[in-house]
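Next up: the structures, one after another.
Below are two complexes that have subunit A in common, paired first with subunit B and then with subunit C.
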Partner chain A sequence: MITLTINGLEVSVEEGSTLLEAAQFYGFPIPTLCHMEGLTPYGACRLCVVEIGEGPKAKLVSSCTYPAQEGLKVRTASSRVLKARKMILELLLASCPQSKVIQDLASAHQIRQQRFRQEHEDCILCGLCVRMCKEQMVAQAIGFRGRGEKRSIGTPFDIKSEQCRLCGGCIYVCPACQLRCTFTEPDKAICGGCANLSPPCVEKEPFDDMMCYMQPCVACEIKKD
Partner chain B sequence: MAVVYKYQGSFMDRLESIDAFRKLQNRLAHDHDSSKPTIVIPAGTCAQASGANDLIRVTKRELLNRGLTDRIGLRITGCHGFCEAEPSVLIEPSGTFYPKVDVERMVRIVEAVAEGKVLNDLLYVDSSSSRKIEKQNDIPFFKKQVRTILARNEKVDPIRIYDYIENQGYNALVKVLKKGEPRWVVEEVKASQLRGRGGAGFPTGLKWELLANQRNGQGKYLVCNADEGDPGAYMDRSVLEGNPHSIIEGMLIGGYATGANQGVVYVRNEYPMAIKHLMIALRQCHEMGLLGKNILGTNFSFDIKLVRGAGAFVCGEETALIRSVEGKMGEPKQRPPFPVEKGIDGKPTAINNVETWANIPVIIAEGAKEFSKVGTKGSSGTKIFSLVGKIKNTGLVEVPMGISIKEIISDIGGGPVSKAKIKAVQTGGPSGGCIPADRFDLPIDYDSLTKAGSIMGSGGMIVMDENTCMVDVAKYFMNFLKDESCGKCFTCRKGIQRMYEIVEDVSKGEGTLDRLALLEELANVVKDTTMCGLGQTAPNPVLSTLRYFRDEYVEHVKNKHCPAGVCKALITYSINENCTGCTVCVKSCPENAIFGERKQPHRIEPEKCIKCGACKAVCKFEAVTVA
Partner chain C sequence: MKTDEVLSILEKHEEDHSGLISILEDIQSKYSYLPAEALKLVAEQTGRSLVDIYGVATFYKSFSLKPRGKHLCSVCVGTACHVRGAPLIAEEFQRQLNVKASETTPDKEFTLEKVNCLGACAIGPIVVMDGHYFSNVNSPQVNQIIKKTKAGLDDAEIKEDRRVYLLDVSCPRCNHSLMDPSRHLDGSPSIRVTVSTEGEHGWLRLSSLYGSFTVESEFGLRTDTIEDFFCPHCHAELKGASQCPLCRAPMVSMIVRAGGVVQICSRRGCKGHMLDIDGSGL
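Let's turn to the complex of A and B:
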């Protein structure tokens, strides 16, 4: 067992736990976006940052990837953490406002403004789909390619993957847009639970552009009848 | 040519013992005639680009034609550092230095060397005193340097292991093998207070101790990080090209000290000559028994393999480098676990920079105490900088730690290129920051540079003068980083894109003071919330220019004016009354935007002008103005 302090409370967790697991176990809430139980932590969205250490050595780390260490002092809601969290959400909202998940997170954290130039991106590159496909579906049909601005997700050479099991797992876990695959005909797409006025699928022409890796798409096939 | 292949018979015979090595070294020293005049031609990548290959060709031809091959030696070496003067030639043992040599001059130089003369008209002219200087060591550029590493480039032909051995090469390795105490080596490196030259300045001895303390068993790795991705920095390339054996020797010593048995040199593929020279050096070492099993007949075994990277800046980061070596995507990982616990293939791994490795044989050979006499208390030894930008003497300079920026710029660098005053230096590449001229007495060491808002980095030093716009500088680095971030962390990828967006707006005169505040707020969050060193330092160019040159940003925002006359959206080109109507500018303009009769004042049509600056560059009467 490892003993550490979270928000002043001394707690023990099993060796090999992450800070996120430790905090969640003891009931300290930490928002996450690219984390999902059953998938390897990746540390892409940075929303789960917490503050560790003290004095000038204090720093923020992503709690979903950082291992619990003996004697570590962790703060999950210091002003530095809150400030960073808000900025991350503001950035997310600026890039991917149509996502229900992001909308909810932003609203829960009292984000009332968005000061950057508005974008509408399909993907926040959280990597959930990639990990889902690799670790749960054991298909490895999709992956990351490129770096920096050119980073994206897709099948090798962007052609239909022989490996894809058409399971729809990638779509299921995607936080950026759960609506991308409501129907084959854009004008009949129905908006799901969120208050999106313009579901992204509707704007998409042709359909191939969507972040749907399945050919044919299972969901669409079912809804067609 | 006979000279060159003198040892062909015994070349690459395996050295079965330390004694055999000593014997070879003694024989080489015995056969070497230090009074024989030798023409030394630096031919690193930089020198070759400026024509060194022609000089080599001509020299060989002249020596052969005149039957001088036995009387005059020729050594082709790596870079000596004075890139401004290249292609240059050095004559040994006199130390005569000829800058900017061309083919005709080279013929005359060979002649002069044969006759034991010095060609006065070809000597280096010191621009401040207009004095001619014969000897390399008297030239101001070289005088203030302490060239522990770089001077060795002059002594060896990188593809000849015998050159290296003759110049005390592999002596440090032999010393270590004879002593037989790995712990002593670690202690010695610790005592030298050597800090990593790759950027972060982590104490090398400490890193080695951590590696040595890892349980042995499945093997440990040592890595030489030669990714060198900072724009404008090329010191690691020059060391690898010019003296690959010093890196091999350093790694061998490291392997002995830490119990590692496998070395990896990670080089970017854009460095073909470094790769070639290293491959030759590795082959020679294998053949001579300096690498592989039972080195020099002892029970120490160590091997080195070369891994080529595709040249991504982020692959210089330790964990990304490790993944790249493993054949995966170059993407940093969470630390801890640190590479020293879990590195390549999960095995303990220590990574050091090229220059760090090159210092190891020096430390062992002359002793930690002697080594730490150079430099300051917290930062010992020398550091190589690539001095570039708006400065007279560009090149590689090796200086003792603790030297002031002013000494590098004025004494070694020779001051500004033009009438424009120098206003800042940028150190540390994309991860670094700008230091303004009023802080030039700052001593250069790890801690003081960090305090000033920059970093030592791997050694890039870009000089900026009044014609450099600091907003433009920040924009340049953000543009670089937005492509070079691995893209995994949302705040690094998007954060840099957004910083670029705001800085670009400022450069177009579309910024507001609110957005400047947002820029600063965002920069601090990016610094705080990213996983690896790239993201954590990426805001530095923005933050340091905001810290020291905020007024330039404000000027762009408030008055839509770029004081340095760089930001295209905010400047106009016009022609003033100095115009003589020579029409030179008319011909230079790619857009035909300049009008006027010959011998009459000319005029630029603002609508058509694309602000390329071609007219200003060609006008001899300073008649083109930017406002």
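Let's turn to the complex of A and C:
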């Protein structure tokens, strides 16, 4: 067992747990976006930042990837943490405002507007879908491609993957809610947004290539132009 | 692409236990790009997933998934070359070859690419054509470079190779002279660099007589090992952008004081080398 302090409370956790697990176990809330139980931590969104250490040595780390250490002093809601978290949420809103997950997180943190150039990305590169596909579906059909600005998610060569089992797992976990692995063959695609096994939108003309019954679907509308 | 060629590359790497990148590098140097079929084969044979291989292949700029032309033209638009007008040169190449960056001409002759720093900032703007350096390039020279490439860069080189003269070289990064007057080889000051192999560091002296292969080294002579060369002053790695024409090991580049770049093979014992005299000598 490892003993550490979270927000002044001395707690002990099992060796190998992350700060996020420790904090959640003792009831300190930490918002997360790219973290999901059952998938390996990836540390992409930085929403789970906490402050560790003291004085000038204090620093921000992502709690979902940081292992608990003996004697560590952790603050999950210091002013520095809150400020960083709000900034991250603003940036997420700037890149992917149509995401319900991001909208909810932003409103829970009292963010009413963002100050950056508005973009409409259909992916925030959180990697949830990639890990879902690899670790839970054992398919490895989709992955990251490219680098920097051009980094994207998809199948090798952008063609339908032979490994994909059309399980829809990737769409289910995606905070940006878009069709992923099967988009080149719309009739085989599964929509996760409506959680309907046979989506009623298939027959609808305006959505003949996107199966969707929300009218209008923010994400799909944006994608159209 | 032939299946057995890729298989033999894979077999070779199986023995060396080398990683994915070296496998892809070998495939790329064989076909000048990474054919989709080859990547699938690599996935099948090594047990890696195709997405991971595709991810690596698209991550590094040196890998290409599209067939490349006969000649690869890299125009440096790194910071140092940029301030000396590299964007104009890149534009000129795009205009004359009538392709955009990272595209290949329809006749499959040239592939144009923009790169960020080729490690020879001191003599920029730099254009590297099939591993041959052109330094201090300006837009009027673009046409000549293209013409010279079509005529055959290697022909031009053989003519130059017959000449015997002394090289005065310096580091392409810090421009500090690499000449060591305290020790003579072949009767003239030697070129001193730092080399390292298998964790050992030490000096290596080369003859400055162009065409002479006399070397002296702290570790004695080991043949057939590829070494990493460093500048003894700024410790930058003296790696060139090209591969040895004889054995495909990486080339080591140094600036020639009179203008131009000399490249030697980093494999001990290999005689591969290239000399590119300054653009003004075109």
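Operating definition for what follows: the second predicted complex is superposed on the first by the 177 of 225 C-alpha atoms of A that agree within 3 Å, B and C clash if a C-alpha of one lies under 4 Å from a C-alpha of the other, contacts with A are read in each partner's own complex, and residues count from 1 in each chain.
The working rule: contacts are C-beta pairs under 8 Å (C-beta built on N, C-alpha and C of every residue); 3 or more make two chains touch, one makes a residue touch a chain.
Treat the numbers as computed from the prediction; the structure is a model and nothing was measured.
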- request: Assess the superposed three-chain arrangement around subunit A: do subunit B and subunit C clash, or do they fit?
  value: clash
- request: State whether A:163 touches subunit B only (first), subunit C only (second), both chains, or neither.
  value: second
Message: Taking the superposition on A as described, I'd like to know which of subunit B and subunit C A:87 touches: first, second, both or neither.
response: first
Query: Which one hits more subunit A residues, subunit B or subunit C?
result: B
Query: So, A:49: does it touch subunit B (first), subunit C (second), both, or neither?
result: first
Message: For A:31, using the defined touch cut-off, is the partner it touches subunit B, subunit C, both, or neither? Pick first, second, both or neither.
response: neither
Message: On the A-aligned overlay, A:155 touches which partner chain: subunit B = first, subunit C = second, or both, or neither?
response: second
- prompt: Given the touch rule stated above, what does A:140 touch, subunit B (first), subunit C (second), both, or neither?
  reply: second
- prompt: Between 115-123, 223-231, 241-249 or 313-321, which run of subunit B pushes into subunit C after the superposition?
  reply: 241-249
- request: Mind sorting out which residues of subunit A both subunit B and subunit C touch, each in its own complex?
  value: 144, 146-147
List of subunit A residues in touch with subunit B within their complex: 42-47, 49, 59-60, 62, 65-67, 69, 80, 83-84, 87-88, 91-92, 94-95, 115-117, 124-127, 144, 146-151
Message: Give the list of subunit A residues in touch with subunit C in this complex.
response: 130, 134, 140-147, 155-157, 161, 163
Message: Show me the residue ranges of subunit C that touch subunit A in the complex, using the header's touch definition.
response: 36, 39, 49-55, 58-61, 65
- prompt: Tell me, which parts of subunit B touch subunit A in their complex?
  reply: 312, 314, 329-331, 334, 336-337, 481-491, 493-495, 497-498, 501, 514-515, 518, 521-522, 525, 528-531
